[in-house]
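So, here come the structures, one by one.
What follows is a pair of complexes built around chain A, which joins chain B in one and chain C in the other.
The block that comes next holds the complex of A and B.
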């Protein structure tokens, strides 16, 4: 399999009053042609900043460090001229955000917002752009697109707004789609519609997809591979099935056990003590060590590296060196 | 409390309408956020209330506490008709029923320390003052798992999970019997959500509390509730013991809703019913069964379009509002 996107040493920092926050810290991964890669983590783990950094959508006081590399089609997106980057962003690599309501412009019609993208990337204009917009709305399953194209965002439900955003993202037939919590703001029946739509479109259009989510159910239902983030770092990377079968990082396992499930009733939920630390105050050593049941002194003083443990599987944990320390 | 029999709460035909006059010459519209809802809550039980956005679940919770004035119907709390009460006796009764909100940040005064926020209800209800109140607050903090030194902090200095613990401590300060929990964990991260759910379970056991637990997350409700009510467009669709609702749902809406929940296990991916369309606009609800435009039931017929199905007891303690509840349609499970 060929990678379509290769990310190396991606680091994004924010200057805050409390100090420098390393929101994304030395993140490296590849996205293969045609796959869906899930990036999982809780809020504050750095998954959204990772997505935004890939397309250099980071504003001051945020800064992407110079060692960061994002290779796409032989180019390093981090070093492209703003103009060359604009041609790729939205056209070849598109993004869908979490909050459809805030991502759409409230004073422009749905049609205008789709044709805008088509015109900006010189794909179509005028009548053809309008026709293409109708086709796109049809593709994403918006009922009555001829009429809806003249609607303003507030006239649409949340699910329909998200379909419009997906239509905009697909307008230039991107090769990579980055979806950041695309269904989090939606009801569960609508979420099922949107996920089905994304999967179907991915297959039909031959896209590769990065899906960012906190929901392990979505990960299990949609992705091929998973990258787990904690404290701005990747802590585990694995093919999806292997991750659920045998989560290697204590955080991954604890997260899986703390979710209430429809298919398994437990008397008491497992908890992870404490909360995700803020990005300006990551703990020393392993960033998960204050919440980890297995931690020993080495975890406190030395940061483990992301180490390969099997085919396509890597873990950032000292337990890989000393598995006998794992407590059951 | 063991000597008392009968339900703690009886809700009967509760309806809440919102009227809007709209523009000057426009026809006034009427939205029925809650439409003829009846159920009971037994002492010590946790009744889960699930529904999607716009189902009326929050309005129902507020009407029960009379924080929103219902249009018609009855709410009887421990044999007292709540809707007939005047302001003063209502205030006295409110001490026994409390509400925990979804967003603890939005419901806590940003300029008040969290200690004061928890102490305030004690003083309002003249339960304790001065050093006595301070001691009570410290105890409450301990009870909800907050460091008692946090009393002098402001809400913005706490994490989401800690703020929700403050919200819970505040509700518990007046020693209520009944607590309405409106999406108490949906703003929290999974790892913190589990902590708060366990805390709520402990508190219920320790104080013999009765909960109305409102949530959109079906897995969370399954975990905590004894019985479950499913709402759609202001009406009850199904009411049964949690095990029955989840294992043998009888309303096609419940079945669809459950099948849409992603299961975090790649080997247990189920056949999904993907419901078409959106929840209809409550301003213009469909005639007949409110769910009929999206209903996947193969026996859907003319009657569903014209006649509103009443909630009726299909099996002992299993209530369903569907004309075809007798012919349960089941999903093929597994792939």
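The block that comes next holds the complex of A and C.
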């Protein structure tokens, strides 16, 4: 399989009053043609900043470091001219955001916001653009698109707004879709619908997708491979089935145990003690060590590297060297 | 927006005042019984008190004051409207550029605005007008417009800065929307409401400034009628012909009240936080 997107050493820092925050720290991964890659992690682990960095949507005080490379079809997106990058945004690589309500412009109609992208990329204009907008709304399953096209965002429900955002993202037939927590702001019942829609469209349109979420339950159903992020770094990368069968990193295991399950009766839900530390104060050594039940002195002093442990599987943990230290 | 605007009685009153004055100003040449500078009968119709054929009376030069008030309102409103348009255009442009470009462009523009705001507006205008011999109506519009955009530019800049952080702006950027389109379709329409409010309230203020300047004699010049100019014309005869100054004065007060009420109404209907 060929990678459609190759990310190497992606590092994004923010200058804060407390110092330099390395929100994304030396992240490397590949997205293969036609696959769905899940990026998982808690809030604050750097998932969204990673997604925004891929299209260089980082504003001051944020900065993408010079060593970062994002290769798409022979071009490094980090070094493209603003004009060339603009031609890729939306047309080749599109994004769906977390909050449908705030991601739509309140003063423009749904139709205008779809046709705007078509016009910006000179794909269609006027009557043709309008027809295409109706088709797109049909495609994403919005009822009565002929009428909805004249609606303003506040006239739609959250689920409908997310469908509109997906329609906008798909308007120029992108080859890569980056979905950043696309279902987090929605009701559980709507979540499943939207997720199904995304997958179905991905299949039908032959796209590759990066699905960013904090919910391993979502990842389990729909992704091919999973990258787990913690503290701005990738800590584990694995095909989806292997990851669920045998999570290698303690953080992955802890995330899995904290997914509520219907088939087990528990008094309390499992949680991971503590919280993700702020990005300007990552702990020394392994960034997960203050919250890790297995940690020993080496974990405090030395940062483990992301080590391949099998085909397509890699882990950033000292336990790979000394598996006997794993407590059960 | 319009139905909610009409709900408040005070706003309706304001709209009525502004509407009547606006209509009178536009229709002045049609409804006026005489010409604005026409000296009807210097012998028999000088300084006449209000009566049927001259509802607002006549002045020292035997000119019909109703006619002059109508034309005066026309001149004053035209000056106010055009200078507000000029001021809003400049202010919005500077604010958009400052807010969007950030860095030193923003810093330089905003420090210049600070400096300009530090000088009292009337003095600034007086200095400019003192240096300008024979200012016409057009000159007055330019001077008033160029000295009143500072506040607007800060409003728009603040609005743009907060809009830039909004998700839909990032979303639009992620779709490859260019800078010009971003400005015109995403930032401007969302930043326009405070500008409309400021412009409406500014109308009242700028009418007062124009009146003040004309009263001081540096604004509109004879024989053109403007409301401020007419008050000045009348003050020498205040004791024996008070109507010369009183009618334009009343019209000025009503105009300014009208614009204030409308401005407040607009603000209330677009900003739910305002009380």
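In the analysis below, the second predicted complex is superposed on the first by the 322 of 328 C-alpha atoms of A that agree within 3 Å, B and C clash if a C-alpha of one lies under 4 Å from a C-alpha of the other, contacts with A are read in each partner's own complex, and residues count from 1 in each chain.
Keep this in mind: a contact is a pair of C-beta atoms (placed from the backbone, for glycine too) under 8 Å apart; a residue touches a chain by one contact, two chains touch by 3 or more.
Predicted model, so just to flag it, every value in this text is computed and none were measured.
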Superpose on chain A as described above, then tell me if chain B and chain C fit or clash.
fit
Applying the document's definition of touch, where does A:244 land relative to chain B and chain C: first, second, both, or neither?
first
Contacts of A:71 with chain B and chain C, given as first, second, both or neither
neither
After superposition on the shared chain, which partner residues are touched by A:103: those of chain B (first), chain C (second), both, or neither?
second
Taking the superposition as given, does A:60 touch the first partner, chain B, the second, chain C, both, or neither?
second
According to the contact criterion defined above, which of chain B and chain C contacts more residues of chain A?
B
So in the superposed three-chain picture, is A:214 touching just chain B, just chain C, both, or none of them (first/second/both/neither)?
first
In the superposed arrangement the C-alpha centres of chain B and chain C open, at the centre of chain A, an angle in degrees to the nearest 10 of 80
Classify the contacts of A:224 with the two partner chains as first (chain B alone), second (chain C alone), both, or neither.
neither
Which partner does A:151 reach: the first (chain B), the second (chain C), both, or neither?
neither
In the superposed arrangement, does A:191 touch chain B (first), chain C (second), both or neither?
first
In the overlaid three-chain picture, find the nearest pair of C-alpha atoms across chain B and chain C and give that distance in Å.
8
Can you list the residues on chain B that touch chain A in the complex?
52-53, 159-162, 189-195, 197-198, 201, 216-220, 222-223, 246, 256-258, 260-269, 272, 274-279
Contact footprint of chain C on chain A as seen in their complex
52, 55, 57, 59-60, 86-91, 94-95, 97, 99, 102-108, 112, 116-117, 120-121, 165, 168-169, 172
Interface residues, chain A side, partner chain B - complex:
42-43, 143, 157-160, 187-193, 195-196, 214-221, 240-241, 244, 254-256, 258-263, 265-266, 268-273, 275-276
Chain C residues within the chain A interface of the complex
102, 164, 166-168, 170-178, 181, 185-186, 189-190
